[in-house]
Structure formats: C-alpha cells, structure tokens
Amino acid sequence: MALLNSILAQLLNGLRIGSIYALIALGYTMVYGIAKMINFAHGDIIMVGAYALYVFVSILHVPAVPAVILTIAFCALMGITIEKVAYKPLRNAQRLAVLITAIGVSYLLQNLALLIFKATPIPFGSIIKVPSIQIAGLTISGLTIVTLAVTALIMAGLTLFVNKTKIGHAMLAVSEDQGAAELMGINVNRTISITFAIGSALAAVAGILYICQYESLIPTLGAIPGIKAFVAAVLGGIGSIPGAMFGGMALGIIESMSKAYISTQLSDAIVFSVLVIVLLLKPSGILGKLSVEKV
Amino acid sequence: MALLDVKNLGISFGGLRAVDGLNMTIEQGALVGLIGPNGAGKTTVFNLLTGVYRPTDGTILLDGEELIGKSPSQICQTGVARTFQNIRLFSQMSVLDNVKAALHNQVKYGLQGSLFHTPGYRKKEKAIDERAREVLRVFELEQFADYKASNLPYGKQRKLEIARALATEPKLLLLDEPAAGMNPQETAELMATIEFIRNQFHVTILLIEHDMKLVAGICEYLYVLNFGTELANGLPEEVLNDPEVITAYLGE
Amino acid sequence: MKKYGKQILGCVAAIAVYVAVTAAVNMGVMSRQMMSLIVPVCMNIMLAVSLCMVVGFLGELSLGHAAFMSIGAYAGALVLKSGLPTVAALPLAVVTGGACAAVLGLIVGIPVLRLRGDYLAITTLAFGEIIKSVFNAATPITGGAGGLKRIPPVTTYRNFTFVYVLMLIVIVLVSNLVNSRHGRAICAIRDNYIAAEAIGIKVSLFKTMAFVLAAFMAGMAGVVYAGNIGILRPGNFDYNTSIEILVMVVLGGMGNITGSIIAAALLTLLPELLRGLSNYRMLVYAIVLIAMMLFSNSPLRRMLAEKRNMRQADKIQ
C-alpha cells in the first residue's frame, strides 16, 4: 500500500512536471510544423515569462490575475518580435543558418536577463494559493491541481482552435505546403506570426507554472526545461500536436520515476538516453512523419 | 550476354504500384532511350537501378552480377553511374573537385595519406588531377576548373554532372533528362557529346528524355513506360510511330 | 604554385608566432593575465579547428563538442595523476585522452548515420548532457561535482612548446585532410549526400570518420585544458562551452580553417583586452551570431554574390 501510494505520488509529480514540458513542447512543435525550424530560443521565453511575472507582481504590485494576463501578452509579443527580426529574413536560408541564429537569440535573451536582473537567484513566492486535497491517503497539492487543470484546458482549447477555426486551418495549410497555402490566399506571414504568438503564450503559461513550483529566478532557468521540452517534442514526433502532449507527459513521468527510484544525479542522463534510443529506433519520433527527400 | 538484364522489376509505395513487371535488356555499347509521359515511372526505374529504392520484386543483373541489395555506393562501384533530373552538383566545391570527388574509388590511398600528405599521396593526387582534367577537357570545361560549380551556367552544370558520372568509369551510364532546359543549339551539342563519350569511353548509355529530336537522333533502341508498365519497345522509328505510344503521350 | 605559396606563408606565420610568444614570455613583457591566456588560446584553436571539420566540411551541427573535450580531459587527467614521470605521462595522456574521446565519437557516430540536421544537432546536445551527468554521478573516479583535483600542471605556458606543437599538428592534419580524397568525400556529402552516394562514396563511413577525427582532436584539447587548469568539474563542459566553440567556427566563416584560428584567438583574447566589457561578453557573442547569419543571408550579400557570379559568367561566354 505504501509502495503503491508512493508510486501514485510520483506519477502525479511526473504529470505535473510533464504538463509544463508538454506546454513548452507544444510551442516547439507548432513552430516547427509551420516555420520548419527549431526555435532554440523557445526555452528562454519561459524565463522571460517568469521574470515578467516577477516584475509585474513584486515590483509593480499588479494583482495576480491581471499580472498573469500581462505576462502572457508580453511573451506573445516577444515571440512575434523575435520572429520578425531574426527568423523572417532567413526563411529561405540554409537550415544550419536558422538554427545558429536561434541559438544566438537564446543566448541574447539569457544574457539580457543576466545584465538586467544579475546572476543571483531572486526568491519569488508562488501566486497560486489553492489548498491541497487528500484522496485515500494521497495528498495532492494545490499547485498540482491547478497545473493539471490549466494544461488540460489549454490542450483541449488548442485542439479545437487548430481543427475548428479558420486560422487553425490556415496553420495546418501552411505547415503542409507554404507555397500552395499562399496561392490559396492565406496570409503566410500573419499565420506564422500567430503561431509564434501562441507558442510564446504557452511558454509564458509554462513559465508561470514553473516559477510557482520552484519559487526562485535565475537567467538560465528556461534552459533545462526548454531542452527537456524539446526532447519531449522530438519524442512525440516534432510537428505533431498530440505527439507533443504525449511526449511531455511521458518525459515528466520518466523523469520523476527515475529521480525517485533510480538516481537523482542520473535522471537527466536517463531522460536524454530515452531520446537517443527513441530517435535511433524511429528517427522521426513516436508520432512523427518521416520526410523523405525526393530524388 | 547483355550488359544489363532487368527481369520483372517492380516496386510499390503503399498501395501505389510505381513500376510493375518491367523487363529490359541492354547490350554492351548500346545507346538506349527510356521514354514515357510524365509520371510514368522513368526516374523511379533509375532510382531502382542505382539502389536509391529497393525493389519489391524482380532482378537486376549487371554483367551477370545481382545489383539488388547493394547500396547506391556499391552499385556505383559495380559500374553504374547516373545524373539527376534536378541537377545535383557539389555546389560549394570547385568544378575540378567535383570530378576529383568522383575519382574516389578509381585512385585510392589510405587515411594516413590524407592526414600526413605522404609521398604516396602526392603521386596519387597527381594522377587524380590529371585524370580529372582529362575528363573536363572532353566536356570543354577545363578552363573553368577553378570555378565554384554553382557559378557555372545551367548548360555547363548539366555537362559537369555527366563528366562527374563518367569519371567513376561506369559500364552503364544513366542520364536523366540531360537536355532539360537546354536550347536547340545546346541540345545539338549535347547529342554530339553523348555520341562522342559513348565511342571514346566504350560506355553503355540509358537515357530518359522528353526531347524527341534527341531521342530519335541518337537512340538505337527505345523502351516506353506508361503507368509503371512497359508499353512498347523497339527501334525508334517503329516505337515513335506506334499509335499506342502516341495515344499515351497525347491522349485520345 | 599558388598552393605551395600558401603553405610557405603558413609555416612562416607559425614560426613567427612561436618566436614572438617565447620571446615575450622570456623577456617578461607579458602581464600575468596575458601569460595565463597563452594555453587557452592554443586550446581553443584546437577545438575550433576540429569543430570546423564537422560543421564546416561535413555540414552537420554538433552541439556536443565540449563533451568530447571533457572525456579527453578526464581520461588525460587520470593518466597525468598516475605518477608516471611527465616525459612519459604527458604524451600518453594526450593519446589516451584523444582515443577515449574518439571512442565516444564513434558512439555518437551511430545516430549520425541515421539522423540529419536538426535531429542530429539535438542528439549531440543530448550526448553532451548525458556525459555531464555521468561525470557528476561517477564520484569515485571523477570526484563528482566537487571536481577532479590536483592534476599536475604540465601544459601551462611554461610548457608552451609542447602545447603549440600539438596545436600545429591539429591544424596541419585538418588542412591536409581537406585537400585529400577523404576530405573531398566529406565535403561532397555536405553539398549533396545523394549525389555523393551515387558516385560511390560511403556516406555513413565518412560521416563517422569526420566525427571520430574531430572527437580525437577535441579530446587532445581536453588534456591540454586539464593540465593547464589543474581541476576538472563536469559543469565546465556544459552546453555553453560547446556554443562558444561554435561561435568561433561561425565567426571564422564556417569551413574556413584560417578564419576559425583567428576567431578562436580573438574571442579568447578579447575579453581580457576589453576587461571593462567582460559583463557584455556573452551578449556580444549572441549578437555576433545573429548578425553573422543575418548578414550572410541578407539581400545585400546576395546582390554582391550575384554580381560576382555575373562577372564570372561573363568571362565564361
């Protein structure tokens, strides 16, 4: 019973971390699907979100709910700006050039944060104040409940948005064939902007949930969840929305299980080994489509 | 014995039968055309012959040696070289280096030679340089040896691709639409070059082409593909006047 | 003839730099800071030139170069600490470090055969992180997060000649390779792997070869690092280190060995020369990366390139 409880507790833990990974992974996957690039700077949007929330709440004393909305809006704008300035001029360039630029943007964001907020960790109290509940001897923290609920809502909303709205259809069309979509009268630039905005907004939500969990801010806080979410996106098959959700959850569970039952120090190694093994077995990820170059 | 002997060759992509039951025999030294309307599966046949795709059934014998199961690089070493419909040069490398790269298996030396530039390396590199320039001379490209391949005009890029394929010393040379995008004068020059290399290098040639003037002008035998199956084969004047072939090209 | 001219120029430059640095050290005109940078400059040149082979010539992005370096550093450090006399220990350490890194390069080479582009980049990154956590966890051998301490200082600036020769070896090997059968195969794969295969080049063999050679050289650089700094911590070999090396290669003009050498030397020396700007160093790196990429793909640049092509085309006709 104790073992079962502990496994269940770890499972919940995994789902909580996995939700955050999934939210970030969705951004990677959507941008990849549409702009065919890995937005390496995506992880750092989480950091921007976390610092923005800190500025709004602790410095400008904005109440929690408007602060969250402002943070999301700020990150969405940031995403659009980055795309316009750094990625748009490279739309027809080599993949390597785009990837290196994205790495540059990631570095730029981290080092700007470092200059503005310095390297010392800034403590930050969680803004989510929901009491924990007890079910059959299992304590579920308020943060876990909020994280899971928010993630579930966002995923349902996003699925509906992509499949039912006009903009969603435009996104699917652009990801299928940019040239053809443009000829059909779809505004490709606007669709890409919207994708970056949505991806960054999701990263902002992830950043808020993340910071409420860890309660401490450093300029590189986005790097590790960013890389892991990327792993999750690749695991699920990059470009696939359900894949990102699945990959994120799977990764969270693998991580919390290996932390609890194998080794804390080796948990990262295990997570990345899973990635390498999955890619070796299925080079396009679990739910991804393999693109073959035509000869 | 024929140089190339293809029996019952077929490949499916999912439910699509791209090539089905193809038989083809090419004699040593022949110049054969493979024609057919767009989407007939001509390039797929080339991809099967060069190991880019693995056929679902059939056999491909080159000089009696089975090609199926070999990788593209092994097939090249067995003696099949090709050009591509959409030119695939090593665009960042010089014209000369494009050909030198193709001499990869013709003049060999070990990694220690490459790393330490041993005397053996110098001797072999000299041979490579001479051979590469010789091939370029045939295609009148020698004066552009130091140009970046992507800086050549289109027609010369096509020629360089043929030169590169020829440098691997193939028994069978596959040309995928060599005249595509060329003007009539360039095409006429190309026809002369193809004739010349066949006689000079004793190479057997199979080419895909839409330019019927070229096909009728130099091919000695034709295979016609339609919807992945063989529609006709025979001498050019017979095949090109075959009502079935004309219907396949022009419709009813 | 042109080729030999370049080689002679290289030799002259190599000797001149050697004489200048040795003289400056012996005459005591260098500050302590500058002297402490001599070995890092050599080391970074080794790293940049070896990464140049993967990124510039093979055309694959490796984000795990620091991992190869770390394997070499730890393996070399263990040899150095074994108590052998320096004369024997140092060459042995360099070879062991390189060999261990090359073995990792071979392991990384397996996914390299199946993956391309973005997937490959992320896999190299994952490998780097795996190695780092393994070093962190393997406390009995590596000292874990506390570090592997008291490594004999055998590759400091006092032993400049050894480090310099090692660096020259790396440079010469990579430049030799480019002008060879193997180098052409690697560049051909970068430009068009389908065509490379079609002319009989074994793509997987040469991709692995490039990774293994680069790893070997990075491993040797790692040994130099260990013998210079005296203590190794897994955190020293993170993703940021890999990116710093990548910046050198990109700044040097991807695939240009001389460029990589100059960029590596400059980027190592600059922070010291501009001490006041040290806070902005990483920020400047980031901007340099973005600006380089945007410039090399800008309409202006394309226009210039087109003009050049037109001129060449004119000459052809």
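Letters A, B and C name the chains as they come in the text, with residue numbers starting at 1 for each one.
We take it that contacts are C-beta pairs under 8 Å (C-beta built on N, C-alpha and C of every residue); 3 or more make two chains touch, one makes a residue touch a chain.
Nothing here was measured: the structure is a model prediction, and the numbers come from that model.
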| item | value |
| --- | --- |
| Most distant chain from chain B by Cα centroid | A |
| Identifier of the chain whose CA centre is least distant from the whole-structure CA centre | C |
| Approximate Å spacing (C-alpha centroids) for the pair chain A, chain B | 48 |
| Approximate Å spacing (C-alpha centroids) for the pair chain B, chain C | 40 |
| Approximate Å spacing (C-alpha centroids) for the pair chain A, chain C | 32 |
| Contacts with two or more other chains, residues of chain C listed in rising order | 194 |
| Contacts with two or more other chains, residues of chain A listed in rising order | 295 |
| Sites on chain B at which at least two other chains make contact | 52, 84 |
| Residues of chain B defined as touching chain C within the complex | 50, 52, 71-74, 76-77, 81-82, 84, 88-93, 97, 100-102, 104-105, 107-109, 111, 113-117, 121, 124-125, 128, 144, 147, 151-153, 156, 164-165, 167-168 |
| Of all residues in chain C, those that touch chain A in their complex | 55, 59, 61, 110-111, 114-115, 117-119, 121-123, 125-127, 129-130, 132-134, 136-137, 194, 239, 243, 246, 250, 254, 279-280, 282-283, 285-290, 293-294, 296-298 |
| Residue numbers on chain A that touch chain C, as the complex places them | 38, 86, 89-90, 93-101, 103-108, 110-112, 114-115, 223, 227, 230-231, 234, 238, 263, 265-269, 272-273, 275-276, 279-280, 283, 293, 295 |
| For the chain C and chain B complex, residues of the former touching the latter | 173, 176-177, 179-185, 187-188, 190-192, 194-203, 209, 255, 309, 312-313, 316-317 |
